[in-house]
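Here chain A shows up in two complexes: once beside chain B, once beside chain C.
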Partner chain A sequence: MKKSICVVLTLLFVLPAFAACGTSSNPSGDSPDKMKLYVLNWGDYIDEDVLAEFISGHPEIEMHYDTTTSNEEMLIQVQNESSIYDLCVPSDYMISKMVKMDLLQPLDFSQIPNFENIDPAFLGKEFDPENRYSVPYLWGTVGIVYNKTMVSEPVDSWEILWDPDYSKQIIMYDSIRDSMAVALKKLGYSMNSTDPDQIAQAEAELIRQKPLVLAYLVDDIRERMISGSAAFGVMYAGDAITCIEENPDLEYVIPKEGSNVWFDNAVLLKRSQNAEAAHIFINYLCDAEVARRNSEYIGYSTPNKAAMEMMDDWNEDPIFNPPKEVVDRCEAYVDLGDAISLYNDAWLRIKGQ
Partner chain B sequence: MRRRFFAYPYILWMLALILLPMAVIIFYAFTTGEAGGNRFTLSYIIKIFDMLNIRILLRSVWLSLLATAVCLVVAYPVAYILSRIPSRKTPFLYVLFVVPMWMNFLLRTYAWMILLDMNGLVNRFLVMLGFGRVQLMYNMSAVVFGMIYNFLPFMILPIYTMLLKIPAELVEAAQDLGADDGRVFWRVVFPLSLPGVVSGVTMVFIPGITTFAISRLLGGSQFMLFGDLIENQFILLQDWHFGSALSLMMMVLVFVCMAVSSGFDKETKGGALI
Partner chain C sequence: MNLVKKAFLTFILVFLYAPIFVLIVYSFNESRSMAHWTGFSLQWYRALLQDTTIMSALLVTVSVAVVASLVSTVIGTFAAIGINVMTKKVRIAVEFITNIPVVNPDIVTGISLMLLFIFFRITLSYTTLLVSHITFCIPYVILSVMPKLSQMRDQTYEAALDLGATPLYAVYKVVLPEIKPGIMTGAILAFTLSLDDFVVSLFTRQGVQTLSTLIYSMARRGINPKINALSAMMFVAVLGLLLIVNLRTDRNS
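For the complex of A and B:
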């Protein structure tokens, strides 16, 4: 008897602690008449003031804004059956995956009048050919950032990342798709190749390159390139703009073999309980002024034509607004389906070397 | 009865957060995730012995051995000196060694990244002295250095505690019997401090082989360690089954190390009595 009282007391003591974990995401002041909107975006991927203005301008919406760090994590967070999210901003290949997994619902474009601001060049892409599920948010390219004081020859090809003269001067991007894309493009293949032979060749290239590589990094690349730790770094265009502002010796180039062009689009999840609020938010993001402020704050290019027209000085920057022929050389990622395991295995062999 | 009551929260804690996860790991390691449900399989266990994984494991063991050896060489004299210092000064010195342990190891490792950067303090100092800048990060030494820095207190403390426990009478007796300082140290002090050395070695070597993150931060992800391999399976590849199999392998290794060290411990204690 005493024993069971002890157990009960212990449970009373411990369980509230667990229960608290489960409910902490719920707002404290529940107001039933408010529309709740749950948004999942990338970290540092919206101008905080823009978000604050939306919240104050829409008292009928109760905003819950969360961030994540990769497409794969985003997928895990929204595919869960208990997922609360209405809206997220995945990249191209993840959008096609989410469509395939039946996680998205078609948007009602009559509720998004600002959609007309979007440049038609960013519509009808492979991941959403009929523009049913997604609205472009930001886009950009991947290229090489190099330090002009450390490199004398012209940089125009991925080949230079295999040049033994620059041993331990090269920083690669620590991600499966981005590093494999560099090797595949260097070899003249598609970065979406599912041919085991081409993938094996790319793997061999990256293994051959490994002794020349100083480090495989993600966010730290910016810091190291600014400090002059390395001559070359594979980088996203938006990050490159930030780096060049800090260190004018740096230059960004999209290699002639072509590179990755990516699109981050807002999508509405099938499980959304608040489609109306989600449409209001998407429409807000498409507003020209809002898109301009977001783009300038984040440094990535905006697909919003009306916003671009307001950003004269930015438009002249070929990193921010690359010429059409350069973009045409680039390829977007597509969802590889099961073939991704070929990439995964290759990557582990490269990194484990 | 009363005392047992206070044990319940911990027993619950152990069940929920130690034993249950271990059971889950064992379950995942021996079942297949492929369509058709949870069937028993040894394929993930067999996959561990792939050349690539073994090489990564050996690299972990080797780096950990290096770090342990350096820690021991550095820590023993420190612990010895610390134990000889008059006791009113020791609290201050003791705190100096323990304070870094209060900070999360990731923070300390990030601090080193700032120090070792091309524009970091160390390089600025080198430039001031008229030398060129040197790339101090992103090599194997930086990884070992990070491990040594993080684990050094775990080597110093057990040795220090053991040295403190040695009765001064034993040293005096040896001196009375005509032993010189070297002889006193090697025949009396060192053998008596061995249990401290053994637990120090265990406390550095085991975290050493399970290290991850340090190799990514200070080694630039070039030297994948066993801990990184496990992390990759769970986070990047989402292969919980193989990740669990690797974790199980790691647990077995840790248990073997602990068994060896506790065996050693008993032996030296027995030896110390004679």
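For the complex of A and C:
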């Protein structure tokens, strides 16, 4: 009888411990001499083979690769006191926010020799003017995808999303900043406007547009556009490339008023326990061949010049590699601070209509 | 009348299984898109098996579900046996307390567990994920074991004691066999709850992924067809498991 108690108690204590060892991403478990590296990236945002090769090529590093959904969620995960992450890949405005919150530590570029592969055009951006904290990973634009068989007139302006002829054929992007950016840009304002009057005008525009909108969507936009069930959709360039591959009737345009250009950069967190391993991984991501494979797998543009040179057919694609004057028309998001509440309120009223 | 019955049954079956059917069909689609069919292909299954991230998330999910359901079944069963012999007043009070987590929204459970871990400076990890799963599974096990215990007549246990069994031996030989169906239900319930769980997992882990959190994190780039392939395989596995269980019970009866 005592035996069965013993068995139960042993099971209680041993099983969880056993399982904990068995499932860490590295089969050898918690060996103390290994450098542990905790990476927080976006979901489906690296070529799996590239990741697997890093793990097998660096036996001294025990890799824990974790993924997340949004910049805001990424911030929550890395800012709490018991956060274990060394490295994450936030977008532009979130980098400036993380710098302000003192969550990042400057990178040691002597440990990242492959950094020279990065096109200088992607350095010194507003969110990291002296380029101390971040290394560009991927970038892209936002624009309009439209179906050539359903639209006869030329598409070059956000105005067309307000055209009553296309009532119930327009799909908008279901996120505060991305939708407000469309309206602000249409009105000729900055998408980072903190002027309550401009934000109110943008709100009125989106409310006026709402009867024409088929739906506010995120993922489904791709499927709807491929299947031809809408004429227009607001979309990321990388996703547009995937859609056009599936349905050649589709076309992608960055409107003449300008649009959003975004950058996802790798940053090193202040709480990192293993900056050395983090630098090795960042350096690996900057390798030309690795950057090329990641960019081709994901379909988003790479800031890696050496990688671009290897991607001839991609280079000629103006969606993947837009001309400089087009990019110059675009703006990156900046952290709005408290003004974001103006956007939130406007968004609630728009969605509540 | 018969026609109505059949039509109703068909309607329910279609309603339940059409989504899974579509998902399985499209897991064999050559194209990345769900919008149109371009041809039969096994490429997503091949890609799935080579995807280390998904595979390690699958391993985490299944191992947590197995361990959490085993541990919570043991704890929950003994808790239920203890609760059952309490005086009526205390029993009602304790049952009430153990039922609260069942009706409590998952998000409250998840956040409060996370805050607890942070408060005690425990780093979120695989272990905290497992502990959290055990925690939210226990009340369900108690809930499914309790009715079996109240159905059982106390006299059988007392008779065992009269015949010279020690209390522990009597529990082992008399009580446990009697409440076995309840324990099995509790264990299966705990297993599926843990396998399904998203909200609690989202808050109580760090550096490890479960399938639900991994699939959620893919949302920005759209669900990869590999996930269709994975869902199809899991559906077939569960179907197979159910068939085996049902065939065995059929044979036994």
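Structural remarks
One rule holds for everything that comes next: the second predicted complex is superposed on the first by the 325 of 353 C-alpha atoms of A that agree within 3 Å, B and C clash if a C-alpha of one lies under 4 Å from a C-alpha of the other, contacts with A are read in each partner's own complex, and residues count from 1 in each chain.
What we mean here is this: a residue touches a chain if its C-beta (ideal position, glycine included) is under 8 Å from a C-beta of that chain, and two chains touch if they have at least 3 such contacts.
Computed from a predicted model, the values in this text were never measured in an experiment.
When the two structures are aligned on the shared chain, A:174 is found in touch with chain B, with no touch to chain C.
When the two structures are aligned on the shared chain, A:223 is found in touch with chain B and with chain C. Residue contacts after overlaying the shared chain place A:101 against neither chain B nor chain C.
Of the two partner chains, chain B is the only one touched by A:72; chain C is not. In the superposed model, A:210 makes contact with chain B only, not with chain C.
Once chain A of one complex is fitted onto chain A of the other, the partner contacts of A:42 are limited to chain C, with no touch recorded for chain B.
Comparing chain B with chain C, the partner in contact with more residues of chain A is C.
Once the two complexes are overlaid on the shared chain, A:150 sits clear of chain B and of chain C alike. By the document's definition of touching, of the two partners only chain B reaches A:349; chain C does not. Across the two superposed structures, the residue set of chain A contacted by chain B and also by chain C is 11, 223-224, 227. Put simply, chain A touches chain B in their complex at residues 2, 6-7, 9-11, 13-14, 72, 168, 171, 174, 176, 210, 213-217, 220, 223-224, 227-229, 344, 348-349, 351-352. Chain C meets chain A in the complex at residues 31-36, 50-53, 56, 59-60, 63-64, 66-67, 70-71, 74-75, 117-118, 121-127, 130-131, 166, 168-169, 172, 206-209, 213-224. Residues 1, 4-5, 8, 11-12, 15-16, 19-20, 22-25, 38, 42-45, 48-49, 51-52, 55, 64-70, 77, 80-85, 218-219, 222-224, 226-227, 239, 242-243, 246-247, 298 of chain A touch chain C in their complex. The part of chain B that touches chain A in the complex is made up of residues 1, 4-5, 8-9, 12-13, 52-53, 55-56, 113, 117-119, 135, 137-138, 219-222, 224, 229, 232, 236-238.
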